[in-house]
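One structure coming up, written as structure tokens, with questions to follow.
Labels run A, B and C following the written order; every chain starts at residue 1.
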């Protein structure tokens, strides 16, 4: 389009902003993304410092204070600001400590799924047609199973625990990275700079990791942000079904499962862990949307 | 009173880096039967001014003009509904990319009948009959069959003929052709241009031809308006312009024509049209002009008189010739 | 078009064999011996054990076992449940209508709200309506639906008492299972209030299951519309002087639907995953609850067979979507 090259009104010369600054500029323009970013920072901070900022031990049972409501409701007390659960454990301390598990799940799953997926995707993109076809069929097979169901069955095989839940979720999420990486690798391979690197005599490894991979990273970064939130959600769902972290671990999904029978008597034991999951996942998704808008030049305003 | 009259037309885009002026105080007149060519490099704002006229710019664009009249209607005061009654009927436009300018999900017949039914209120049968006529007129063989085709089943040249048939379907008074041949093969280019000129001769409509190809201009146009970086830098009838260009930019464009080259190497204009971040202070062409001096770099020139082709230049060329004649 | 259909089928067959292989391998990598598990607490004699090994064919070479399994699958033989002793195939198709009914309702809910919401948001890009709608969609997209279900139960069943908490219909109604779809069966039974009861039972599960597809469809429709609205042919439509309703509702939407249909198809997988949680929470007697219960009961033939059948269902839906995609996209249809 012509106007993409059009001129500004002022006559003074302005400098074109650098790439990172430009990214930050577009990211900052999205207020939701910045909000999500700060919430995520707070989440990471809580995850890192939970044992020190929590008022009580998350597993300590104050038997005389079971099902105490939050402080703003009648009968609440400042000793337990967000009330207590059926076993008299402090909700606030449990929620703060729960952030650790969710963060841990998110990081591990994303690192495992992304590194495995990127490697396989690169391999598929660079390999001969038959190998590429085999890899992609394999990924199709994994994707044919609903992710949560496959994770559930995998955990059933491996035995219910948080670590096994993480392995299962990573396996389930990894085909998305393979597909994404392969698609962008194949898109990049036809471009002139790759040909020129080949002509210049770059070896296969150099071509894969130095020439092509950095140019495929933008969609992968966005996918990483989105699968971080998927991992937290799925781990919580597994915990809720009793196939993730086991009681008395203060994992948010497990807490919800334990509190289910008190759903109509004590709203806070059900509402608060879910709210924690929702806020965390929402913040990460907001950030992911902002990343996508800032990294995808197609959506930029001309 | 001319068919189309533009005075001081400016278009600004609100972007993240501030406001950018794509079209800067442009005046234009087009009469019935006129063929006006608008010439300039990519980024000179020639398409944008015509899109502004048609009301096709995105919402980030702000259009201002002292006067913008078409066939007695003041376009700047017209409601959206009132404008839609003119656009596509009395004032039509065809575009550079015929392949992507037609909707891939509908047959070309549907797309052409749709225009006829909306503007002229034709029923299905009448629209079909008229569509066949139009396809004949623009030289598409076997019209009944072709009307059932989807755009991706036809060549670029055929699609451009469909676009032309669609544009002239309601007998427009003005047809704007935005680089209609750029995306086509060279042999097809001449056919499309011949078709446009033939249609102009038959219907008496005004024709605005946006192009960056001086060869196209020489063959088809009557008047030429040269644009650079959003400004009109010169306007003359086609013969005098080719004989005696007044603006150095026009002169440089003409010198770059292969048939005019005297040297072994084809002369080029160094540099590119200034963009958002490198707009010069004085004359916009000064960084690329071989005649520019300090005065040019500091003070933006105003358009000269009609005898100098309204050239926006401190030192217009070929003034001696004017004195001699 | 024929070539397109054939190429789709060509990818379907190896994926099917792969899925079968995975569900076959599943029972063999289980920790512990499946026969011991089957015997339960009481244990068994060595003779009985050997007899069972022979009966299940565990003593034969692995590829022979796989061949038997594959031919069995193709004939509808997935073995019998350890718990109920009934064929897995029959159990699956007895429970499947319940899941199908819930999924269809959830999908209708998601499409009926998500599609118009996305279109309207795209037409009002950047305005208040767009922002509100897209923020809501993102919240929906981020929702832990097991918690969302509990919240809805607290409000609509607990506080307001409008909807029942579990099951498909009140216990006072009893009628024959004709189609397996409670909405249709309750109407056929002609009993007063049966249909109303079925609807009330369906409302909350539908909302819970439809929430994430709703958010996904609304977001996808909006971005597809925005992309299409920037295309050259939309400019042509505007240059023809067409009214905005026709441009957005016909020229743009027709093109935007192509990617949206794909997304709707893909969310069927999400829907089945969601059905696991939804059915568990609302005690909805469908495939999802059946699978979860079987996993806890270590009823391996059920888990194995259910996994396979669900995957095949997803594959069939994806194949249908692919073929549908070919139908609505004239570039593929007419070639």
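Keep in mind that, in the parts below, a residue touches a chain if its C-beta (ideal position, glycine included) is under 8 Å from a C-beta of that chain, and two chains touch if they have at least 3 such contacts.
Per UniProt, the chains are A, C = Dipeptide transport system permease protein; B = Dipeptide transport system ATP-binding protein.
Keep in mind it's a predicted model, so treat the numbers as computed, not measured.
A.B. asks: Centre-to-centre on C-alpha atoms, which chain is most distant from chain B?
C.D. replies: Here the answer is chain C, farthest from chain B.
A.B. asks: Ranked by contacting C-beta pairs, which pair of chains comes out on top?
C.D. replies: Among the chain pairs, A-C has the highest number of C-beta contacts.
A.B. asks: Quick one: report the Å distance separating chain B from chain C, using the average Cα coordinate of each chain.
C.D. replies: 54
A.B. asks: From the mean C-alpha coordinate of chain A to that of chain C, what's the distance rounded to whole Å?
C.D. replies: Each chain reduced to its C-alpha mean, chain A and chain C end up 24 Å apart.
A.B. asks: Which residues of chain C touch chain A in their complex?
C.D. replies: On the chain C side, the touching residues are 11, 14-15, 18-19, 22, 26, 29-31, 135, 138-139, 141-144, 146-148, 150-151, 153-154, 158, 269-270, 272-274, 276-277, 280, 291-292, 295-296, 298, 303, 307, 310-312, 314-315, 318.
A.B. asks: Which of the residues in chain A come into contact with chain C in the complex?
C.D. replies: Listed in rising order, the residues are 32, 137-138, 140-141, 143-150, 152-153, 156-157, 159, 229, 233, 236-237, 240-243, 253, 256, 260, 263-264, 267, 270-271, 273-275, 277-278, 281-282, 285-286, 289.
A.B. asks: Under the definition above, what is the set of chain C residues touching chain B in their complex?
C.D. replies: Within the complex, chain C contacts chain B at residues 231-233, 235-243, 246, 251, 254-255, 329-331, 334.
A.B. asks: In the complex of these two chains, what residues of chain B are touching chain C?
C.D. replies: Those residues of chain B that touch chain C are 54-56, 83-89, 92-93, 95, 97, 100-106, 114-115, 118-119, 150, 152-153, 163, 166.
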